[in-house]
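Starting off with a structure, shown below.
A, B, C, D, E and F label the chains in the order they appear, each numbered from 1.
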Amino acid sequence: MRILVVNPNTTESMTTAIGEACRAVAAPGTEITAINPAWGPPSIETYVEDYVAAAAMLQTIAGHRDSYDAFVVACAGDPGLYAARQLTDAPVIGIAEAAMHMACLVAHRFSIVTVIDSVRPMLEDMVSVAGMSPRCASIRATSLSVLEIEQDYDHAERVLIEESRRAVEQDGAEAIVLGCAGMGPLDKRLQKELGVPVLDGCGCAVTLAESLHRYGITTSKAGAFAMDAARLPRLGFPVSQQ
Amino acid sequence: MRILVVNPNTTESMTTAIGEACRAVAAPGTEITAINPAWGPPSIETYVEDYVAAAAMLQTIAGHRDSYDAFVVACAGDPGLYAARQLTDAPVIGIAEAAMHMACLVAHRFSIVTVIDSVRPMLEDMVSVAGMSPRCASIRATSLSVLEIEQDYDHAERVLIEESRRAVEQDGAEAIVLGCAGMGPLDKRLQKELGVPVLDGCGCAVTLAESLHRYGITTSKAGAFAMDAARLPRLGFPVSQQ
Amino acid sequence: MRILVVNPNTTESMTTAIGEACRAVAAPGTEITAINPAWGPPSIETYVEDYVAAAAMLQTIAGHRDSYDAFVVACAGDPGLYAARQLTDAPVIGIAEAAMHMACLVAHRFSIVTVIDSVRPMLEDMVSVAGMSPRCASIRATSLSVLEIEQDYDHAERVLIEESRRAVEQDGAEAIVLGCAGMGPLDKRLQKELGVPVLDGCGCAVTLAESLHRYGITTSKAGAFAMDAARLPRLGFPVSQQ
Amino acid sequence: MRILVVNPNTTESMTTAIGEACRAVAAPGTEITAINPAWGPPSIETYVEDYVAAAAMLQTIAGHRDSYDAFVVACAGDPGLYAARQLTDAPVIGIAEAAMHMACLVAHRFSIVTVIDSVRPMLEDMVSVAGMSPRCASIRATSLSVLEIEQDYDHAERVLIEESRRAVEQDGAEAIVLGCAGMGPLDKRLQKELGVPVLDGCGCAVTLAESLHRYGITTSKAGAFAMDAARLPRLGFPVSQQ
Amino acid sequence: MRILVVNPNTTESMTTAIGEACRAVAAPGTEITAINPAWGPPSIETYVEDYVAAAAMLQTIAGHRDSYDAFVVACAGDPGLYAARQLTDAPVIGIAEAAMHMACLVAHRFSIVTVIDSVRPMLEDMVSVAGMSPRCASIRATSLSVLEIEQDYDHAERVLIEESRRAVEQDGAEAIVLGCAGMGPLDKRLQKELGVPVLDGCGCAVTLAESLHRYGITTSKAGAFAMDAARLPRLGFPVSQQ
Amino acid sequence: MRILVVNPNTTESMTTAIGEACRAVAAPGTEITAINPAWGPPSIETYVEDYVAAAAMLQTIAGHRDSYDAFVVACAGDPGLYAARQLTDAPVIGIAEAAMHMACLVAHRFSIVTVIDSVRPMLEDMVSVAGMSPRCASIRATSLSVLEIEQDYDHAERVLIEESRRAVEQDGAEAIVLGCAGMGPLDKRLQKELGVPVLDGCGCAVTLAESLHRYGITTSKAGAFAMDAARLPRLGFPVSQQ
């Protein structure tokens, strides 16, 4: 099967790393393409960036809506996820929901460990709208900005281990959901160190997309995610940006 | 004081009607300017349109961030409201939250009566994130599309009265919140006919903005709505669209 | 317009201060009358006092039910608020709900900072019945009794700043709702010091009453707040107390 | 043991009937005294009456606070219950909470079947503050006013059976809580007809008071129900009414 | 009346102690029989033990289903309680729910103080399914295993006082629910030391069973607790274990 | 990888059908073994059967705890799921949670359509403990008993289509979760007829087990699912049943 992984920000090195993290988990026969929008912010750490990146990502998905068997939205706030589902018949998986649902299979409660504090309100809203609050022990921010992570993985690892330990010891977390797509390459190092499941949403999303594909399930068009194809020409995306 | 009312969709006749509805309620000395983005969808009835319109509206507000005493987001889904608050120190009021908070002062429970069924999941998410679920008796859709309303106000009135009556009689609503900015001109006709408070968010938002201004309250920058001004240049809005 | 502000306790110096706080925010043309019941407790810091004061306040409002355009219940527990709405067609605003709704327009979450610990359970119940729990970060008590505040405003200010800082730093509050009508005169001093919005319910209630009046909204009589006028003679207020 | 049962309204025939219902369930050795306040409304069907009756009831209990082993508040809205607990060291049981807690021992979900529709919002608030919402299937009003019940028990029985059946069949109720102290004499007739447990709060409150007494448990004074006895003289009850 | 108290674990000394605790509270004329299953774990501190003990307890109750006026499930996790209700027409009371409902009559919020940490998730699920979360301030584990308690009551008392104090001072608990049947003999010693109500579920369950019996209430068979007697032969209990 | 699928009831024809449903979805290289306990009820339609079957299933899993890479609990009430997780380091997936989590990826809300009404309270508890209530539109019972399904699949299909349509049209379900392992063979026929995703938990659980295995995630032992291996000999399973 063919999966399009869309990094909603415009930082290409991050897109490349996300693509690699996805391929590392993908089954034989799954083809991963990782791209990012032509416009929008280089990282998503505020509500404004979340909305701008979501619009750019939707324009990107709209341009490939018939060409893939599944789509992955590769940002841990799941920006524009429900909108993306309206654009295509193929399943669209957000990496935050992917990691949270997988965590629920191995832990009574999980915590999300993420980047700087400004993303916390967004993640709280996301967890609430996803109906995941009963299972989420805490959302913990760190000193890391999104783009710092890939500049010094060892530093990021140390910071994430320290904060994850607090989640386990103080909040009752039994598993850690990584709260930024850029943290993916650290998942196994963290898991080994912490001794609890550590879930990167990119890996989770890919295996879930494969599961849905194999079992023959696609996005329901009976409610929230329906959209008449006749609306496509009037969606109002900005011109000549792509 | 000076209030910028932003209609997030691009239908100018609707922008004009919203401006008039706001001026009808504004206090003497309040100056209302109503505008809409240069790009984006002509109306908001799907998640995709909600996100695209929100991004366009944010770009619009960013362009006027220092020039007004308050901003009103004039779409009943409050698209991008929290993001808009990050762009300016002045208060930003969404018309949905404005009408809901005002309704809570005169009714134990309110219902939202809105346009076609596809907006219902969005309004459900909005009510939930706003923490208003305990006070919201129901969200009721009708056969009306956004742009149909202003084409035949008498028809719209009949449809809205019928659905609002169901909300009062079957769901326990004691007040009606109008679920589309385009319904504003009908507020008093509906209120007279129904015998319960009917609230158009545009009017509510203007009086609330005036209240905040008079009492000397602006958006808190201590948490969710903080954003370092240094981020402004990197927000990634699409170029040459405005 | 004419607003009757009822301080539910019998301490006249507090009634005077409340009246002044209200007039300071009122629009030109708004006439504020501040009164208190002839019987009942001198302050409200227990459930018993809350109920006795509420009954006395209701008797007071019943005696003026046709003479004002709006009523304000000036105690931060909103005692007897729903009952007061049954007594008159004019809007009745509680200062707690007023400040909480206004806070929601400028902050994701607010905290209430109040007097001695015995009022906390009452405020918890009030917040819960008002449906405001999702937006309330915490309710924090202090060492101040109601009547101490006006005896030493500088001391009260110091105490309130200390506790408010804890609310902001430890509980995630982005705005402070003052949890006692007697704290009103300190609102702007606290706001300046704390750097987050500080809301006195008296000021909020007055501007909201003006907003409702200007927009033509009165209490819904379709449900919880309906009462047949024929019941008035049999309400059973104590005789010859007023 | 000695139990003081206080009917918060002033209708003496109802007080007598309540006393009889309590004695019918009381254990040998339990002495029941049933009284009502000297002032206040003849029945409680509005928020205003609820508050006035609560204040009068509190004055009544304050006058007997040291003379009984337990107190029962005999109105199905539990008016002023928490305040009453502050006035005495002896347990104070509300008949609504009593019936609800007993119902939880024999049914997954209960419904409250009550008098006219105006009491419904009050009962909703009461159930919510009591934390009983997860177990309450519905609150169903009827055409019966409080004082009509004792005038024609056969009529009341027919009305209550009809509404209770709807609660069982449509709402999933497995037990019925009687929503007015005046319905007590019908409990066994209704239970026989309906085939599900029917609980009158008066009977439940008496057996629970006996249980607490036998087991040696009294009201906690560690939080919500504490009140310094020094406050008693300043509670502000109306004079010369008792 | 005759009450069968079933200790779901197989430790006979504990069964004896539970029987004595029940008899100490029982009214004259109440006959208590305390038994335990012939198979299953010696104590319940894990989910696995909870399920095995529940099955063994159900087999025990099935063997006595027509011979008692009420049944008590004497383990503070209420294992298999709903299932037990399906086996008999007589009331079945769990000691956890019994203590929680009684606590609600004398305290705004209670905490459960229990044995080792591994039982906490089970108790959380139990509180949630019982709909008691709104009233439960916290669940606090200690260093005590179930079987250690009766080996050194003085040590257990010290540990429980220390943890209960934290519940009162840090979590806002106003009453303590003992989270293990083996703690029953310490209830009055703890209550005297702590100064707040301390509730052993065994005592509570016995008085509640007596209350239901006296008032003529049995388990509802209209919903969750119904079971056709024809199913009894096919329930699949293990043979020749009893 | 090797997956042990345990049907908790003792009906072998159902075990065979479940094994086939699992193999139909399994990836190449996944080896499925389907078994059932030696004792316990032939189907699970009451709380009693749920507990007895859970205990028998736990004994079964304990006997194979080191021999498989993952376990599946193949009953739509997820009986004993958390206990099963304590018995082994390998992941244990319940078919109810599996189908619910997968449904959340393609639908805003799902409904569970199940067998006879007596299982509804159990499924309600299960959904609540799983934290899935915010996403579950309804649980709908039918006239089908568990063992009837495989006796006439065409009849079962007609019944399930009728009830599922009500869930979609009246409750807002966008996907259907099959509420009995015996319904698995009908998943694709129902999905084709209904036009919305239809999820059999067996298929979902197998693909999720494969996903966890591929991504290297096992059950967290940091909290609810920890159990010291030293407890194994004292779990108290009935002897000589297996």
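In the analysis below, contacts are C-beta pairs under 8 Å (C-beta built on N, C-alpha and C of every residue); 3 or more make two chains touch, one makes a residue touch a chain.
Please read these numbers as outputs of a predicted model, since none were measured by experiment.
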| item | value |
| --- | --- |
| Identified repeat of the C-D interface (over half of residue pairs identical), from D-E, A-B or A-F | A-B |
| Copies chain A and chain F touch via same or different residues, half shared test | same |
| Pair exhibiting more inter-chain C-beta contacts, D-E or E-F | D-E |
| Separation of chain B from chain C, taking each centre as the mean of its C-alpha atoms, in whole Å | 28 |
| Euclidean distance of C-alpha centroids - chain B vs chain F, Å | 45 |
| Two or more partner chains touched - positions in chain D | 82, 108, 121, 223-225 |
| Topology of the chain contact graph, where touching chains are joined (line, ring, star, complete, other) | ring |
| Chain order, ring traversed from chain D with chain E following | D, E, F, A, B, C |
| Chain C contact footprint on chain D (complex, rising order) | 10, 39-42, 46-56, 58, 62, 80, 82-83, 85-87, 118, 121, 125, 128-129, 223-227, 231, 234-239, 241 |
| Touching residues on chain D, where the partner in the complex is chain E | 25, 27, 82, 91, 93, 97-98, 101-102, 104-109, 130-135, 168, 172-175, 188, 191, 195-197, 199, 203-204, 207-208, 210-212, 214-225 |
